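Note that the chains take the letters A, B, C, D and E in the order they are written out, and that residue 1 is the start of every chain.
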Amino acid sequence: MLGKGLLQGLAVTAKNLVGSYHDPARYVTQEYPEVQPKLPEAYRNFPFLVSETADDPMGTLRCVACQICEKECPPQCIYIEKSKDKKPDANGKLQIYPAVFAIDTAVCMSCQICVEVCPFDAIKMDQEFAIAATDRFDGLLLNREQLAKPNAYYHQIHPTEASEVDARLAAERRAAEEKARLAAAAKAAAPKAAAPTAAAAPGVPAASASPGSIPPPGPPPSSS
Amino acid sequence: MILAAAPASPADAWLERAPVLLRDALTGWLPDALRPWVAALLSIATILGVFGLLFAYMTLAERKILGRIQNRPGPNRTGPFGLLQPFADAIKALTKEDIVPRAADQVLHFLAPVVLVALSLIGLAVIPFGRNLVAVEMEASVLYFFAAGAATELAIFMAGWASRNKYSLLAAMRALAQLISYEVPLLLSVVPVIVVAGSLSTTDIVAAQGGWAAGLWPHWHALTPWGFSAFAVFMVAALAESNRSPFDLPEAESELIAGHLTEYSGFKYALFFMAEYLGMAALSAMAVTLFLGGWQAPLAVLEFIPSYAWFGVKLLLLLLGFIWIRATFPRLRIDQLTRLSWKFLVPLALVNLINGGVWAATADWTGAAAVVRWFISALGVVVPFIFLARSLSAGYGPRTYRYASP
Amino acid sequence: MTLLLAVLALVCLVPAVAAVLVRNLIHSALLFVLAWLGLAVFYLAVGAEFIAFAHALVYVGGVSMVVLFAVLLTRPGRVDPLPPPSTQRAIGGVAAVALVASMLGSSIFWTRLPSMEPIPMVSLRRLGELLAGPYLVALLLVGLILTVALIGGLLLAAPRRPSEGGDA
Amino acid sequence: MMLPDPASTGLARVRKIEGSALGLRTPAFAPEEGAGDLLEVSLGPHHPSTHGVFRMDVVLDGERIVRLKPVFGYLHRNHEKLGEGTSYLGSMPYTDRLDYLNSMTNNWAYAIAVEKLAGIAVTERAEYIRVILAELSRLLNHTCLAGFLMQDCGCSGTPLMYAFREREKILDLFESLSGSRMMCNFQRFGGCRVDPSAEWLAATRKLVDGYGAFLDEFEALLSGNEIVMARTQGVGRLPAALAVNAGVTGPMLRASGVGHDLRKVDGYGVYPRFNFRVPIGREGDVYDRYMVRMLEMRESISILDQALRGLPGGPILDPKSKQRGLRPKAGEAYGRIEGPKGEIGFFLVSDGTGNPTRYRVRAPSFVNLTILEDLCLGHSVADAVIILGSIDIVLGEVDR
Amino acid sequence: MSPLHVCLALSAALFCTGLVAVLVRGNAILVLLGVELMLNAANLNFIAFWRFGPGGGEVGLVFVLFSIAVAAAEAAVGMALVIAVHRHLRTIRVAAANRLKG
């Protein structure tokens, strides 16, 4: 019969009209400013640099300016300049730090390749999407100070991922300390076996050397 | 209290006569000579006011209902539930710059929207809104309504021609082709109603639809077989006349030609917009008068509700139907559109003419004969519908699909 | 009453005269339509309601569209502007018309017209009975004429399909 | 399947106009002289229907189209030359931007090409995940197409809104898995980047179960609708011979009656393990292309159902696989999959260094678009808009 | 100056305008419109005599209805002729169409 399809179509739209008043599946609009979107944990926008503690973001950046992310970034939007001097990192080891670390967010397509290739977990993806700048060039060129955010913030936006990263880092740190202690013990044991007489002399420098040459380890890593 | 006393007949219930009493109160203190003139002015003012507001809130209702059908809220930012949206649109239209192309024919360019709106409004003069609420009482009011309707084509031609732009002229020609080819079924579907009601005046037609069979089944024309077919043809033609959904070809964005309104902006564009809605409201009002028993109540017991309320409810239901159809159907191509009119609607309306004639001739059959009469009339509708439907949808139809053998 | 009729007569006459004089074809066609509208209002004033609406429907609705479509279809992109009517033909035309006008005018003013009968109000039903009664045959004939005219018009105006090999 | 000789197909009758600067090809039937003046119109580049920046130079004889020249390139971003300058891993996020509706299938095609080039094996679980994501992407693409097509036919937004309502659910799945709705950058050489969590799999299961009901409602609104049938049946008929010779692939080819589906022909990934059917049309007009896609969606639902049930455990990427400094040995490889729009393939030539020396993308919409003129001749402009809509092009892929 | 005089004067004036249009204007369409005007003038007479003349004028009304119908048919055929002529002679100046050859 000619009109059957048309009537079926009308029935569907009527069902939706009525449905939109009582069935949440048929009323999907979230009115944005009032209703904030609940972002999935994996959501990623522009990257940010992770710093160990919140109070001294510049001092405790994890980034060691290895420039792998600069090479691997497909649109080449990261610019790094190595520092001349060194700075102890979380494990107390002296590391270079980035004097200049700039990301041109106008070019960055938040593809998170930099996060993937970074061996030091120094750069992670942010979740802040409501970004505005008054100037297209300098306004969107974020420098080191603007990029650095504390690890606590990282825990806040990517909880599970952050805890995995911290667990892994803690494990590495323990392994590094374990290895360091073994090396130290081995070094201490080796001179004793070679010359028991010289034991007293080297013992003292060893004892004094150990504290002297290795500066006191930096503030204990923030409790994860 | 007048209300408490059961009114002798619904006609003189207080609420029923309220508008007439109001008018008499307002014109009472005038000298007799001036009284008819002021009364006429009053009715003009009320029609303009009511239908102006109806236009405003119809645009809002359209966007809200369309939104709700599409699972979204529709405008709800301007005022509570978006109620101030029409006024916001009006201010926007007023403040928009009114660009007139230099080559345009200034006089016609200005005249077209004015004439279009005037013609859509003129038609409302003869529609009986309530028991004795008709602005102009005439013997040939139905013919008057369609004469006013026929002139709108002229205004569209003026709009298309005055913009001096090749595309808007072509679009105006297409719009005219559509309007003219749907004028014929519109008029033909009204003729059986006149044959059965025996008069060209709208008040007589509404009076002819009074009364209920066994208090439950009103004598509306739309509820008789031939009446339903005429009502369907009338509504489809009304859809096309007011350029609404399946036939909104002129301003179809996917069309190459941007329609005869390209050279209009600002308030004149809003006027065209208003004319379209008023045309739609006028045609729906006429459909209510001719087929849905004007201000007649659907059930005898519901008689106490004033007559103009019934007219309003029916009109709003029809307008809801317009919006509902717009939300559901895609657009027809220009050749399909004219083929639908000439090869389907006009023959159907012609057969319906005979059907109405038979119905009028057998008016005095009662009892068992009435059933036979209904059956004949129903046959007169269904048989041609099936034949015409088959010829119209030749070559189209749902298909079955096979799957590739791996 | 006569004053009202006189005003309406002017409303009807002025566009008609203007239509004849104006150069632009579309403007003159639209002025003609205005003249027909004026005539319809004149019929209303005189009391022939049904005739007024029928006239309006037929002329303003139908014939005006035919005329305007014809004007548009025959405007070959304004290639040949209308030549000014040769003065010689203009003078001849106006002279002939002046003669006819004088004849009509004198006949109107000198004949002694019968006094006015009471205003005959014809009801639509009476008109209907007349049409369906003695003039039924005439009604069917007019219907026939209309269909024949329509089909003829279509055949004349329809563009020749190349396959039909119409004449050059 | 024996290919008919080109002479009998449509292509042979199309020959270049001598000395025509534009290289216009004379259409099937030349416009009769004196058939009234021809109207030269250009439709686009701001194209009314949401296909992106694309222009059609149309020559009209009254209502009928006599000549149609598609003009594109507005969205050309030098994708392939860029590929040559970027590392293999670096090109992966760029493939999201080809057919920006289906980044998952683009990634998969590129991953297959590199895996073929470098000879990397793919873990079992990753193969299943890739099938699940590809079929989700097919659902998303066909739903969007139906919405856009009906929008071109003139529905005032209703089917499009329903289509987008369902698309949002799928995009939410992609976002919760890969981090971004449309730019997923998810596949890696030898597997996937992230292992889907249990909640994600449960959400996918819920979506797949509910999708059949949505399709029924959608078809009730559209497929039986007489106006839709009147507007789309018999419009833009593509004969099978011309389709095969023009290299058309995907639902367009199947709608013309040629049952060629790479999932069956190549049997890549783990598709042979699922039983599913390949719907084919008979007329090859716009209605068939719409219906074939609808039936394909129902097949995708059954594939998803089987894949979700059969998803094995195990790693999604073997830890030793090298992503960053991948230097495949010199050679070339062509990896292709059955994307929602047709065969999307990547041709890579490596010289042993970190960057490919040649990086070529075989984009299905680009190839399907070449026969737009043959489909539109003799139709009106309103039909041309629908025919373009039924070809399902995405300008990112066409212009690269 | 009784109303009948006004009507007759208007009818005469319309008739003359129609005549001028027919005689003076060179465009075929305007000639046809002039004829239409003359027909309308005749209708006006019928109405005038029905309304203001001696009784028994209803027959005039019926005649007016028929004349409107015929005039419409004539206009349609006239315009069709004009279009047909235009297709051959590329112009519709009345002076041009003076050869009977096909």
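Note that in this section contacts are C-beta pairs under 8 Å (C-beta built on N, C-alpha and C of every residue); 3 or more make two chains touch, one makes a residue touch a chain.
Fair warning: this is a prediction, and the values are worked out from it, not measured in the lab.
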- Message: Here's a test of the contact network: exclude subunit C and give the groups of chains still joined by touching.
- Response: A, B, D | E
- Message: Going by the touch criterion at the top, tell me which pair is linked by more C-beta contacts: C-E or A-D.
- Response: C-E
- Message: I'd like the Å distance between the centres of subunit A and subunit D, where a centre is the mean of that chain's Cα atoms.
- Response: 37
- Message: Based only on mean CA positions, could you tell me how far subunit C sits from subunit D in angstrom?
- Response: 62
- Query: So how far apart, in whole Å, are subunit B and subunit D when each is placed at the average of its C-alpha atoms?
  - Reply: 45
- Item | Junction residues of subunit C - those touching two or more other chains | 50, 54, 62, 69
- subunit B touches at least 2 other chains through residues 69-72, 327-329, 393
- On subunit D, where are the residues touching two or more other chains? 158, 162, 165, 221, 223-229
- Quick one: which bits of subunit A touch subunit B in the complex? Just the residue numbers, please. 1-2, 6, 9-10, 12-14, 16-17, 19-21, 26-29, 31
- Query: What does subunit B use to touch subunit D in their complex?
  - Reply: 66, 69-72, 245-246, 248, 252-256, 326-336, 393, 395-399, 401-406
- So, in the complex, the side of subunit B touching subunit A is made of residues 65, 68-73, 324-325, 327-329, 385-386, 389, 392-393
- Please give the residue numbers of subunit D that touch subunit B in the complex, ascending. 41, 43, 48-49, 58, 60, 63, 150, 152-158, 161-162, 165, 221, 223-231, 233-234, 254, 259, 261, 264, 277-283, 287-288, 291-292, 295, 380-383, 385
- Which residues of subunit B touch subunit C in the complex? 108, 138-140, 143-144, 146-147, 150-151, 153-154, 157-158, 161, 169, 173, 176, 180, 183, 199-200
